[in-house]
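Residue numbering begins at 1 within each chain, and the chains themselves are lettered A, B, C and D in the order written.
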């Protein structure tokens, strides 16, 4: 954004320069969009959906599904039924056996990479203190999960199973996972399943009979990765069942559909070309911003636009770096996997960072879009709107402080009053967003009423009255009033030389 | 709209002329409404509902329905069960056999025209490129559907079935169909079902045993048309099951309830008379507009009202033309069908264009309604409102540009962040409408949160804050402010001669 | 409202008079509220709920309920199962037989009055015209129901059943019923069920075997009434299954919980006393209004308040008349019923008018509440608000015209575009209310999208933009602007003598 | 708030004092938050959820759950199935028997304290009056529940069961319970279940066979308490089935998750320390307020802030008192329970007051948050907002009167029109909140339409028009207009010495 500033003296030249800069910027933006949209596709959603339908919504013997697991028994029913049948497709739909070369494909299309893996984490017995009154009655006590309470005892096992031996995070090359209740470490007791239905079923039945899941178990993971060659996508699947200290079980899941192999079809190579141009652009902008920083020193960082520029550049650089690392890493993984097909294929780490990478790019594109405003802000109508925003900023800030104190007071009240009963208020964050959603008209009044017959409705009424009626309307009053002022001021001002004038003149020539 | 302009000098005459024109126009509008409402009826909805209940919501042996199909096996279960039983009603409800003359009626009332037809489309093997790493392991690869990747190989078959022979779109006289994932051509492998439950079941079992649906299959269609003589309506039914390249299956459907035979009862002939008057009106307006165009030349096209007039006339002409074509075509089809009852009755094309015809008429009526404003716009209160709209148009436009840049930035962000997980963000269009619906308070926060525990809520908060609070309120401020201005201006103006004055004077005489 | 007007000269006296009138009026209002709330109770809802749970939500052999009936077979399954079991409770919950004196009570508490009755209506064969093309194929044609197309043929039957003999509305002493699709006459083919499960089952099986419901059947009714002595409430139950000309079946129902016997407990006699006072009040107001009409002649009817007074009085008189009629009629009915317990107990007519009576009273109370404004309207703040409403009335009216033309245009467009597919648009009325609900943020976008992939979203966007954003905001602008004006004007006016001043002075003395 | 007032003369000193006071107050607030958040945890919600999943959502033999109970039979099915199996866990998930020391734990983790208890309440026969017409037919009549109609007759029973002997509230040491339909006394017929599945089943089967629940039964309770040592939480569970006078059954429930034992872990002792500091603070504030009251006498109570201070102090004192009582009481209970494990453990009273205690604390914290405004109210922007609120208070009050008269009129109308059919209108309170929710866009139009085809939509339209469009917008107009005024006034005022100035000066030194 160098040139813009230098030419403030000459209005017409300024417009000309801005226009040129705008066009260059639009080219950059288009390239960026092509690159990001090239990375994703609507198929990705369907892939996630097909996989989650298969593993989450297929019913087991008693009619439940993975989503409806509420205790240990349900977990084993799921494992013996939908899990094993979903992982190993050994016949055609009319029950003809599949030829060996076509086995190992989920839905006949999705190659199961390596072996699926079961993993669990336990806490050790008496990891918590029992109150004196109960000391004689209650002998054992298993606390909620915390990595330093982990049970690390290994049992000698005769039958060639690894399921009862504790392995550390390093041994497993794992990483921690944030589930519903807690964040679990990458360590634990690990057991691979088999290559066929029968083998897997045998493993599961053995673990079931030997009470693999004990009172100390706090979480069990099922991990595997599938690859679909038709659409060149990986799906790293993790099914999680948490066994909280309260008893019972809480299922959750993670389906990461990612494009780890980037360049296969012709379209992919076109994207590659765009990515190359993108790198050039980034190089160009780096140089430009470096020059500006050198010139303006610290005052450079006072402009919000400059900060935006820097952010985009930094995100872009990180993404480029990851892109290279990913390409290398995937290649290594796959080569190893193909030579050793009988081990667990760990795409956890790669898929995790790939989704972070996708998110980073998405945010960069968002900022790039916002930057357009920089170029069109000297149009009059736009000025009117943006100076309205600017002028009422102080009032809005004062308002925001008031708003948030009240809002937080209500959040805390909601959490303390209904937290033990209503999911939407079960922690401070949920409570905050629930109140936010009430403003938009999305809420469940009956739950509040059920949780507390009198305080529920009163809380609701007070909140709606103060926040929805009074505060939101005051917000509106602030904007409305400021807009009138700004418009009045602008009417008195002289009309500045605008971009439209520039075009008109060009047209008249 | 000729007369209106010529008489601008004389205010009273102007009102008189406008009034006359308005009355003529209202007559036209009434005729138009009679014609359109004569074409439709509430029964149509119930017909659609009854048919979709039967084919979409009847359960098969394992308790699923057409709506819950998720794989090839489910499709065959549906075909063997609800489909065959729904198509062929051979006994009364108390299991007494129906007399032959009453067979072939769905729900005892709806004649199944000709034979139902199964059709599928495949893509050829190795229609896509497998990445080098997997070349040795994955031998076959079936791309997502695209008409140029279609598998056109035919298999010689001994048993008198046409199901394994590829036919082109021309041979089948078919047309393309836009389903959930892709748009499919009218070609494919075709097989008619039988005239009785047993015949149809035999066909279906043969196809099932011979693995008619293969890994290459991308879509299967079930097509048939029923006619209900009681209410004189056709229902062209198409059940679609897509088999995406991801594996699994996605069902969709199309129930087109249309009135292909127009003139049967006395009421129908009354509508016919109205249609005739309508044609006369159109002729009259064509002449009028032609005269105006001749007079005003190009400047004619500068008025929005004139464009509206032309649009209505053109739609009307197209509809009249189609009306004639349809009457002839249906007659031919039906004659042929009655002489050859054992072939597939293709009402696909006719019903498709009939629904387009209905839509076109609906839009024409909408425009005709809007045109009323032309005649009532010189009333004072109305002027106040419309000039408010007019005056803030420029501001609103500037605002709209700002709004849409931000909105599109959020749309893209939503798509990239949540597209692989959440249906409502699974493509750019969905993402756009989902954000639009958030403004109206219709959204699913929990899905966002599940897709991305941190970015989901942040995205939601930012969007609501900027778009719902700031931008929508600014929108309101613009309108509010302009209205005050306009009202102030109008108060200073002299009161124009109004239509109400005209009535008052007539009353005083 | 006599005194108010006479004393306009003297401000203080005026306030005094008004105050006295207000107090009298409040006494009247309290009496009215006591009477209306005495007639109803929360128990009524639970009674309706318990009865509808029993008959609508109990599952039959194939797992469906009355609500899920979609064809004739389902109807018979319901009749054989939940209906017969729900009507006749012959054992305790532990299967001990009930003593004869305790039989005939649904849920052991609700006396089934008389015998339940089945009734059906048919249309005659060839009640409609078959188009020429189909004349040879389709021999019979049964039109949609219309009372003049009714099939009145009776079949001679040997087995002592009345089910195949047509009876007119007069013979049955019936009345017409408005169901989902059509309004049905009170005539038809009638069959009483038995007094025990076995008797009823026998009747139902006979009708089933003899194909009582034919292709011509358009509706079947199940009628019966229960009385609960514990809470002294009747529930007149009607289950309706319509068989539209499209085939299939559409269930609906009517549970009328009414208090036909008014005076039983002590509380009831207290209500009776209030009713007596209420009658006196009405007499007083009749005299007053009569005097006013005599004095002011026609100009009396120009005041909206007077019209309101008259309306309340007329409703009250009608209700008093019905109250007397009902008391007499119920007594007759019950005496007859108890002497002839083996016939159908027709509470249809009484319960129908009782609900109308309840509604009329409810509306009268509403108007009585609104009338309070007459007495408090001379307070300053209130004047400000009501004169805002008054002053912007003209603008709002002009706006309303504009709004309704656009709204109706959209309604018609919605009906024509989506009417055949979406229930919410299946007729003009539904379409109107659906669009109304969109404004409030209650809608189903996905249905619109499914009905028409392109026009659905476009329609939705246009509607929301024009109606929700532009028109609603303009509405707000009108009110906002007028309020500012009024407040400005009021500030300049002198402060009128207010009711608060009156109180202050009284306080100072 | 002593110091603030004394220093009004000297602006700078005032700010300094306020700042000091604010800091002290913030410390107090933080301590308070630590204490309240220390008492609760997210685990509490999961505990409630796991318990309610187990007892409310587990299916019995016919597929229903506790939630779907609609008659006496369902209740017994629930008792024999999910209740007995849920209470007594006697085997591991793989059916290995549990060692005796690990029995008696629900989900292997939650100790069932004492024996579960069944209790019922009856009304006596002929507790109501049967109308003359029915006197001969209906011999018995059981009124709705009311404590003075209770049936207190005891039956001699041979088999060592207490179930048929009436016990008073004092004998049972019980308290009344407010359920869905009525409030029930703590008396009744009581029966403890056994220690094992077999014992409990035997009790239940005996009661079932002997028709324990009769026509007079109005409510049945199942009470028990579990304790989870892992997370140190009690859950007092009460399942209620009401048998209204209408017949049928209505289930409800109460899961009170409370932390009755406060100090076990190290974290708990940290909270204890904070509680001690909290008590000191309260003592300090008591002294301060006492001094103020002494000084200002009655005028002290005119300030809203002072009332707030007093409220917080009083709540705090009550909570401290209860805290001590609870600690002693729980200790006694538990000691007794451990010595007599074969009796019913009544935690009803304690858990009830513990939840009240939690609610009281929550409200105190809310008020404490609100008090922050006292300290930040002399900032300019804040003044602008609060004086807007203050100035429009009178107008808003007038508006509120108008609003509530209309709103109540609609509430009554809704209740009388739809009360017998629609749950949301089944009593005055529900009707009020339902209308309130319509304003926020959360409603079910179809229910209204089903209840009354014509009055439903009309009612809805009128309500939305008057309340949503007119009144809410007028509300907005009032705030908007006042804000403009206030802002205008403030602009003319001199800038007061603000807290920000104070900081600036400190910075410049």
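Just so it is clear, a contact is a pair of C-beta atoms (placed from the backbone, for glycine too) under 8 Å apart; a residue touches a chain by one contact, two chains touch by 3 or more.
These numbers were taken from a predicted model, which means no experiment stands behind them.
> Where chain A and chain B touch, do the two copies share over half of their residue numbers, giving same, or under half, giving different?
different
> Note the rotational component of the Cα superposition from chain A to chain D, reported as an angle of 0 to 180 degrees in steps of 5.
90
> Take the average of all CA coordinates in chain B, do the same for chain C, and state the distance between these two points in whole angstrom.
35
> Round to the nearest whole Å and give the separation of the Cα centres of chain A and chain C.
Centres of chain A and chain C (C-alpha means) sit 50 Å apart.
> Can you pull out the residues of chain B that are in contact with at least two other chains?
Within chain B, the residues that touch at least two other chains are 441-442, 476, 480.
> Help me check something: in the complex, which residues belonging to chain A touch chain D?
Spelled out, the residues of chain A in touch with chain D are 70-73, 76, 128-131, 133-134, 136-139, 141-144, 181, 208-209, 211, 213, 215, 244-248, 250, 394-395, 397-399, 401-402, 405-406, 408-410, 412-413, 415-417, 419-423, 426-427, 438, 441-443, 445, 449, 452-453, 455, 457, 460-461, 464, 468-470, 473-474, 476-478, 480-481.
> Once bound in the complex, which stretches of chain C touch chain D?
Checking each residue of chain C against chain D gives 33, 36, 40, 42-51, 53-54, 57, 92-94, 96, 101, 106-111, 178, 227-233, 255, 257, 261, 264-265, 331, 334-335, 338, 358-359, 361-363, 365-366, 369-370, 372-373, 376, 379-382, 384-385, 388-389, 429, 433, 436-437, 440-442, 472, 475-476, 479-480, 483-484, 487.
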